[in-house]
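Several structures are given next for inspection.
Okay, so subunit A shows up in both of these, paired with subunit B first and subunit C after.
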Partner chain A sequence: MADVKLTKVVKRYGDVETIHGIDLDIKDGEFVVFVGPSGCGKSTLLRMVAGLEDITEGELHIDNECVTSVAASRRGVAMVFQSYALYPHMTVRENMGFGLKMAKTDKAEIKRRVDESARILQLEPLLDRKPKALSGGQRQRVAIGRTIVRNPKVFLFDEPLSNLDAELRVQMRVEIAKLHSQLKNTMIYVTHDQVEAMTMADKIVVLRGGNIEQVGSPIELYLNPVNEFVAGFIGSPRMNFFDCDVIAQTDDSLTLKLPCGEVCQLAADVSRSPGMTRVKLGIRPEHLKEDQSGEIRIGVDVDVVEHLGGSTYVYARYSGEHELIIQTGGLSPVRRGDHCDFSFNLDQCHLFDCNGLSLRAAKPVPLHTQAPVAQALSG
Partner chain B sequence: MNASTSVNSSDTLTVSSGRSAETRRPPRKRYVFLMSAPALLGLFMFMVLPFLMALGMSFTDQRLLSPNATEWVGLRNYDRLLNISWLVQEPVSDADNHLKQTADGELVYPRLRSVLRKNPEYKEFKEFTHWSFGDKRVVLLAKDPSFIQSIINTLLFVILVVPIQCGTALGLALLINQKLRGIFLFRTVFFSPVVTSIVVVSIVWSFLYHKDLGLFNHYLNAMSFGLIGPVDWLGDPDWAMPSIVLMSAWQAAGVQMLIFLAGLQGISGDLYEAAELDGAGPWGKFVNVTLPGLKNTTIFVVISTTIQAFGLFTQVDVMTRGGPQGSTSTVMYHAVTKGFREQDIAYGSAISVIFFLAILAIALLQKRFFDKREDA
Partner chain C sequence: MKRLQKLGAYLFLLLIGYVFLFPLLFMIMSSFKPEQVIFADLYSIRAILPVGDLTLDNYRQVFEKSDVLLYFRNSILITSAAVVLGLIVNSLLAFTLSRMRWSGRKYILAAVVALMIIPIEAIVVPLLLLVSKLPTIGWEQGGLVLMGSWLNSLEVQILPFVANSFFIFLFYQFFRDIPKDFDEAAELDGATPFQIYRHIIVPMSGPVFATVAILHFLLMWNQYIWPIMAVQGEDARPVMPGIQIFFGRQTSWGEIMAYASFVTLPVLAVFLAFQKKFVSSLAGAGIKG
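For the complex of A and B:
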């Protein structure tokens, strides 16, 4: 059980800087997900916490102890790898007990702890098998079991579900979430899959190009993305953006002309960027409605319709050139080639200035959507 | 199609449809045979046929140059090769029943040659070695003692060279697997002895090993401040074989090094990182990740090195000619000496047949041993 604190952490490979001074506080018992596109530095950051990569500058504290230059095995962390990284010549039991064996733990104690972790993960029938005799999901469970056995302060997961098929991925996702609620250890989880991030995290850290873009609970990021990148990254399908001309602006509102020519007024905090001529308006696919109940109506030409049963994705063009995605009800009558109207409400729109920064005031995040840890802190 | 013109019309249809099916699907077997024919022919002419001839010759008294007709001699050559026997000698005592002793206090035994000549059972046998057993002396006899000596030398060479060569190769592979600038240069340097002719290497090392002029003795002398005197590396029966072992391991380790390097690069980096997090040090990682990861590579390297080591000939031929006192004569060297230098090609053939069977057996045993461990 431990806090993790990163202070101005920098990673350089020769002259190339990949992590640019990251500050991050992770509270004891939090489930934190690092998410971002390929090459954003999320895995590097995790490996720096693990001790597999040196920290070029800055400090890392685990459990209030500076571990910046402490060896990986002494940091009290355990890691689950994407490739599982099970020792192929050892049985499941030996794999799980290897860390304790290296630490010269008493044999009876190793057996007790391996048996206990195996019970938690229902691995008991597999203990005498070798990894090659296990399925992907079982291997991943063994890899997790190996970390539990060591009873680390912090669990680290490096894209652990990427090698599993879709169904197993959902199943393991739930198991890892359950495990967290059972063990209550601090966990840091790296993924490029924003659904995994949204479903598992107490706190999501969105990274891009070696910088933190935003830190917050999943719903906070969904409701109040601080910039265009986070808005586009969080939420599936991704948010639609259109360029709009600014007609008039006051201190707390903007009057915009939409691409279709319609004019509307939106509340906006424009104190940071006065004199704008163009802004980006963002609207999530699920906020576009098939009925005409919304405040703003837009006409679109439908290109592709995907019926998923529970919902329907409509890929369409708006004003001839702007591509957009609409998520509607499961049995939508919209067909390919149709020209139809959709509507949306202005309070569900996001606005971004030319630098991509959000211009809208933050919406309140419902307390019940926050993680227990955050609830406890705010309560 | 031309073939079908001479037959009647109904047959033409069948034949031509058969032909068209054939053109659609080329006769694979024929091509396979055609393409592999040159290699198969070579193998047959230079490996299979000579071996069969050797097998046949080993049952005759064929000599390379001889005015006498070749005769069928059955298993005589094999009998000469493999027949061993022993006899126990009582010490000689005088009239008073006291044991006779030499001036050095050693017991006196009846002259072996007289004993062997007197007894037709020991016809053709010569002494291979002897040892004392209480007052008695046990003499081990063989029809061809130098063949038995050669077998022992060959086994000694294999037992010494396989671990040294494989160990060196693994060590070098670990070194050149580092991600360092200019590591390519080291790979080339470590591999270069392999592409140098073994004859050249043997001659150069003969100079290095030279008792008076050799570099090794010079350095040994200098580094031990004259305490370690000149060692007669190739002239001392105790040192000759180890000297050849060292040189052979040095010369051939490059090949195994490359194979080990390929094996090392096939081990996932994640395993090393997992081991690091599990608290394994460099030795722990080597034992728990590297060695198990190289298991299949090691099996291959050990078997191929063993087979190669059994064929030791060139180094011996160039450096020691089997000496001193037969201490470096190997089975291969003995076969060549008997078969070509002494022109007894039938006997040389028998040696090669036995040698072939022995290597086959050892390779199969090794494979079974490793297969069993695989299952375990």
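For the complex of A and C:
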């Protein structure tokens, strides 16, 4: 078992507090992704788990053992760095076996474990090469191999795919997911790329300004963001937001006037925010339709059209000032400079109060989406 | 026009090269010539060419008239001990300054930088007073005893010159540019700070070690003022003060040139052997040569 439990974890640099009392439970075997914008504290939090940064306040438990003040090497964690951090003067074999050598492991045992890890990652032909003779993807695999050799309780990944090109990144994403399904260890992965988070995670932790904004499965976060920040961060392209006037409200509904002047009524839990005059309505780009089958129709002026083959991104202006993105399936006939109508359904809208908190009731998360990617791959 | 410019540039470089090489070539060639030939060739190109009656007599005379082999051995011992110890001590301090966090680190670094501007001539007298009072630890009648002072010994020429602020700074500059991820990866691999230094940082720092080794070698090999002050007898005298003693006796210019050539050979050999790494390191460390 290798649960990871953070209890009221705080990080301060002098007087500056960067992590503000984080509580988090990570279950054994989970693939957890810390995601958030630059400076949100995700890497700091990972480094605190690794033992590379001191924990100013709070406690960290790994495998039910308090390791708050335990040295990094004794926490049973291994980390893959963004820069790979492969020792340039050592061969792949020496790189992978370095940790075991430091632990004074028997040479035959080091060889056996390095060979085993190399087999898992298909690194056997590269074992006698130096890092400079490897490609980016191969280096990344060696960096992962170095962690596997140590057989850690928890794997930590600090933006490991950032230095790879787009194609290799997708490939390595799948490889890491496969590895997780094979090893079944607890893995914590840091990224600023929400696509990586959505595709790999069993559980996503969204961070902002040293606080956790929301924890949940990727689809849970996509369907039921608790606030405007999470709604905007999860999903690509990002959600469109419009300011709307509140015309009337009951305990469970709001009547809104959209920027185009149209009036609509939405179910909403307004008990926390009585007397609202303005709210934000959010609609994802993929929920805006080219046809007029949606309940609400809006007219937009098209600025830019991006044809991606399988889908089209339309960048447009709504009511003259509100910028929005529309994602349509296939090749859209819409052209730059066109004025055209799109529509959407109210049940796919999100509502946020003036503090950015969601006003909509949570939608049920389909059961099959709760299965982790890694488990799905192994199945 | 361009060809003329190129020709002019090469001529200029040749002239500069000649200015720097002339003394060296003159010294080496003269060491193989009798006194009268040296003076006969003095105002011609023959002065730097191996022509005329070449002989090894000057070298023979040097070995007969002086203890140059003893001085040479002393210099080798002093220089190699100081260089080896210096590489260890200076790089270790630079490692702690550049890669470890401890209180007072910034003040020590500031002190190291400040010490770089103090010339040895400024501290040589207080240093002499200090070492003259420092006893050596010896073994007598089955026990450790404190004996005499450090003066007239090899260690008085080694220990004060092991730590060097300029070399510490060179190491510091180089180490600082090595990404911290390596240390952290090694730390997670269970390496202690010393193991990180030994297994990760040192193997990655070949150029700076070569540079410091050469510079320290030159510094130690060319020591003159300090040995003259701290060493009176023959036993611990190195080669450079030896030249002064040799010059003071009745000797010919050919013999002096032979002595000078003999003691210059190790310097040339070391520099030529490490020249490539030396130059690349100076460029890499961002220090103008």
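Simple rule for what comes next: the second predicted complex is superposed on the first by the 370 of 379 C-alpha atoms of A that agree within 3 Å, B and C clash if a C-alpha of one lies under 4 Å from a C-alpha of the other, contacts with A are read in each partner's own complex, and residues count from 1 in each chain.
Here, contacts are C-beta pairs under 8 Å (C-beta built on N, C-alpha and C of every residue); 3 or more make two chains touch, one makes a residue touch a chain.
Not measured: the values here are computed from a predicted model.
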Quiz item: Overlaying on subunit A: subunit B and subunit C, fit or clash?
Solution: clash
Quiz prompt | First (subunit B), second (subunit C), both or neither touched by A:L183 | solution = neither
Quiz item: Is A:L168 contacted by the first partner subunit B, the second partner subunit C, both or neither?
Solution: neither
Quiz item: Given the touch rule stated above, what does A:C264 touch, subunit B (first), subunit C (second), both, or neither?
Solution: neither
Quiz item: After fitting the two complexes on their shared chain A, where does subunit B collide with subunit C, if the options are 2-10, 38-46 or 92-100?
Solution: 38-46
Exercise. Jot down the residues of subunit A that show up as touching in both complexes, subunit B in one and subunit C in the other.
Key: 50-52, 72-74, 77-79, 81-83, 85, 87-89, 98-99, 102-103, 146, 150
Quiz item: Which residues of subunit B touch subunit A in the complex?
Solution: 268, 270-271, 273-280, 284, 288-289, 292-293, 295
Quiz item: Taking the complex as given, what residues does subunit C use to touch subunit A?
Solution: 179, 181-182, 184-191, 195, 199-200, 203-204
Quiz item: Within the complex, which stretch of subunit A touches subunit B?
Solution: 50-52, 72-74, 77-79, 81-83, 85-90, 98-99, 102-103, 146, 150
Quiz item: Which part of subunit A faces subunit C closely enough to touch in the complex?
Solution: 50-52, 72-74, 77-79, 81-83, 85, 87-89, 98-99, 102-103, 146, 150
